[in-house]
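There are two complexes below, and they share chain A, which is joined by chain B in the first and by chain C in the second.
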Partner chain A sequence: MPFGEIVSILLEGTWVTLKIVAFALPLAAIMAFTFGLLRMYAPKPIKYVSVAYIEFFRGTSALIQLYWIYFVLPFFGVSIDAMTAGVLAIGLNIGAYGTEVVRGAMQSVPKGQYEASVALNFTSSQRLWRILMPQALVNMIPPFGNLAIELVKATSLVSLITIADLTYRAKSLADMTLQVTEIFAVVLVLYFVIAQVLAFSFKGIEKRLSRGLGRGGLD
Partner chain B sequence: MISFDWEWAFVLEILPMILSAAKVTLLATLLGSILAILVGLSFALLRRSKLVLLRVVTYWVVEFVRSTPLLVQIFFLYYVLPEFGISMSPLLTGVLALGLHYGAYLSEVFRSGIDGIEKGQWEAARALNLTTYDTYKDIVLPQAIRPMIPATGNYIIAMFKETPQLSAITLLEMLQVAKIIGSENFRYLEPFTLVGILYLVFSLVAAYGIHCIERRFPKEGFTLR
Partner chain C sequence: MKQPLIEFKNVEKRFGDTVIFRDFNFSVEEGEIVSIIGPSGSGKSTLLRILMTLEGIEGGVVRVAGKPLWHKETDKGLVLADEKHLHEMRNHLGMVFQHFNLFPHMTVKRNITEAPMRVQGKTEIEANKIADELLELVGLSDKADMYPNSLSGGQKQRVGIARALAMQPAILLLDEITSALDPELVEEVLDVIRNLALKHSFTMLLVTHEMYFAREISDRVCFFDQGAIVEEGEPERLFIHPNEERTKAFLKAYMSQ
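Let's turn to the complex of A and B:
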């Protein structure tokens, strides 16, 4: 098979991978903020629910979660297509890791900020959204960038539930043709490029958010 | 919808099969972590090499391995190595992939551990005319190992949780066995749930074990023999 044809098939797969990333990334972010904050501030029963979610998704493996959602949920009458199962499993999994990022960043805001906002009689929602969150957000960006790359890498798992993403196409091309070295080299480079673009964008976001925070640094 | 309930009899029937597959999972994790530690240490030392070229190349190799999916790396080794006349069993291929992937992660842990040693220690070693080898063996590593343990342990647990991906190259580890049982009996709930619980239990035990190991190492360092 000519090299150009291989690349064009793989690029179609890249598009599918990017689509999964585009759905799973916002889901992961929503889960991370919701359960990260619930774990810190919610009353006890809700707090325990969030701890259960976080520990379950962090303690077992992503592939098991994906298989569970894809193969077991239909037995409960929840029929789910492969794409939704993939987005759900990856979003929930990375989201659970994200809760720890949110929690760590919130706790890293100096205690004086909290005390000052109490002394100035801010309401608790003002304290959270106007004082603590803007400062914590900057600290969340670098670890979120790493998690976003982990998410891209995790999307390769959906190839095992027959979604024709980059990895799936690479494997079927490798089974069909004998040009395995070229195929996998191209695939690895494509994933690497996606990851580098993400890393670069997160650096940009970090720079933008830390404007006016009076931080030192080198660039 | 198929009527649905959790059957304990079925669980008892499949438990021995899944537990014997757990041995494969644990073996892959054990061999993978030994390899990862060796690879990580080599990468970390290469990053400190005097040659700029070597440092830059190592940096990009580590970056590349870390930012591409383990599953693709597993396929890469499985399909491409035989092209070069190296054919290995699925287990060995998997161990190699795990070792390389997590070696890249561990190299960062080791690097920051070594960087964490005070400058005075290096200077004293130089002043006492110790060789590079003796400096690492007697001065640097004995102090650097304890702070590296928690992060290293976390990566080994992370590696353990990624072993199910080896099922993609036909290794009969826990998840693959569960999937086969599931498709034969058309009951996926028990096998997959069981495997999930086993992973949770093993991870918790391992986390506790790492905590104990960390406490056994004296804070002030020790002699390497």
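Let's turn to the complex of A and C:
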């Protein structure tokens, strides 16, 4: 098969991969913040629910989670299409790791910041959102960047539940044409480019946020 | 009899098994400037932190402006206060910290205006006016738009004082506010407090290691050791003619430094 054709088929797969990323990434972020904060601040029963979520999704394999959502849940009357199943499994899985990023970053804010916010009589939600979170956010961005890249790479799992993403197309193309080297070289480059774009964006966000923080002097 | 503005009655405070205060009694009148001196670990800062609601108490009662700080009065007696009550009580108090604790993500001015706006509901114009006045008072009008990290320690602490004053507290708590500063920056901070003490009728409670400053500014000095007030009195008397052996030993050790 001509190289151009291979690339164009793989680009279609890339588009599918990007779609999964586009949905799974916000889901992961929402899960990370929600359960990361609940785990830290919520009253006991809710705290335990978040711990259960976090430990379950960190402690079992992402692939098995995906199989459960796609193949097993239908036996319990919950049928989910492949795309949604893929987004859910990957978003929930990476989100569980993200909770630890949120927690670590919140704890990295010096205790004196909390104390000053109490002394100035801010309400507890003002303390969280106006004082602690803006400072913690800067520390979250680099590890979140890492997780985002992890998420992109994890999307390749969806090829195992019949979604024609980049990995799926690469495998079918390779089976069909046996041009293994070209195909997987292109696949490598495509994943790498996605990851680099993400890494670059997170660097940008980090830079912007730290400028607001007044780190490194005036601006 | 006039009620003291701050009153500790039979207060007990523990950190795990370590007892900080037991049957601790202490009071401050309105408008009084009280310095607390003593060796580290004697409970000086804990006293301020209890008042600022940063540390709870295990027994007794603390009253501020006649109301229990950590408790609510109900028909069945005192019950532990909820956040709403603490929020109300904190209006009486302001605190300046040893390590400044300025908000690094806000400019100097925002550090000062944020709480008046968000907590007291002042408009931005009102809050800015307060901030401008206070920045002038602490001599930092030209730093309003800078971020705290570009200030010197002394400047940071002056912002810390302005920030606490912006909430117009009746009681100002100063927790070793010059301990983290280079020696040459101590005076500029103390000058601000001197100025305040002269021009305003604040109630001030300060924990300090600057003995000459405590002597100069205070109406009363309390010498703390092991969670108890060993000796208290007018500064001239306490510094020149201490009665207790422990006070003498502490002052002597301090002088010989």
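The criterion applied here is as follows: the second predicted complex is superposed on the first by the 214 of 219 C-alpha atoms of A that agree within 3 Å, B and C clash if a C-alpha of one lies under 4 Å from a C-alpha of the other, contacts with A are read in each partner's own complex, and residues count from 1 in each chain.
Assume a contact is a pair of C-beta atoms (placed from the backbone, for glycine too) under 8 Å apart; a residue touches a chain by one contact, two chains touch by 3 or more.
The shown structure was predicted, so the numbers you read here are calculated from the model rather than taken from an experiment.
J.: Between chain B (first) and chain C (second), which does A:167 come into contact with in this model arrangement: first, second, both, or neither?
T.: The answer is first: A:167 touches chain B but not chain C.
J.: Regarding the shared-chain residue A:181, is it in contact with chain B (first), chain C (second), both, or neither?
T.: Only chain B is touched by A:181; chain C is not.
J.: After superposition on the shared chain, which partner residues are touched by A:116: those of chain B (first), chain C (second), both, or neither?
T.: After superposing on A, A:116 lies in contact with chain C but is clear of chain B.
J.: For A:60, decide between first (touching chain B), second (touching chain C), both and neither.
T.: first
J.: With the two structures laid over each other on chain A, which partner does A:149 touch: chain B (first), chain C (second), both, or neither?
T.: first
J.: Please indicate which partner A:72 is in contact with in the superposed arrangement: first for chain B, second for chain C, both, or neither.
T.: first
J.: Return first, second, both or neither, reflecting whether A:5 touches chain B, chain C, both chains, or no partner chain.
T.: After superposition on chain A, A:5 lies in contact with neither partner.
J.: For chain A, what residues appear in both contact lists, the one with chain B and the one with chain C?
T.: In chain A, nothing is touched by chain B and also by chain C.
J.: Would you mind writing out the residues of chain B in touch with chain A in their complex?
T.: Residues 1-2, 4, 64, 66-73, 75-76, 79-80, 83, 161-165, 167-168, 175, 179, 182, 188-189, 192-193, 195-196, 199-200, 203-204.
J.: Which chain A residues qualify as touching chain B in the complex?
T.: 56, 59-65, 67-68, 71-72, 75-77, 149, 152-157, 159-160, 167, 170-171, 174, 180-181, 184, 187-188, 191-192, 195-196, 199
J.: Across the complex, what residues on chain A touch chain C?
T.: Interface residues on chain A, with respect to chain C: 110, 112-113, 115-116, 118-124, 126, 130-131, 134-135, 212-218.
J.: Spell out the part of chain C that touches chain A in their complex, as residue ranges.
T.: Touch list, chain C to chain A: 52-54, 83, 87, 90-91, 93-95, 97, 99-107, 114-115, 118-119, 146-150, 163-164, 167.
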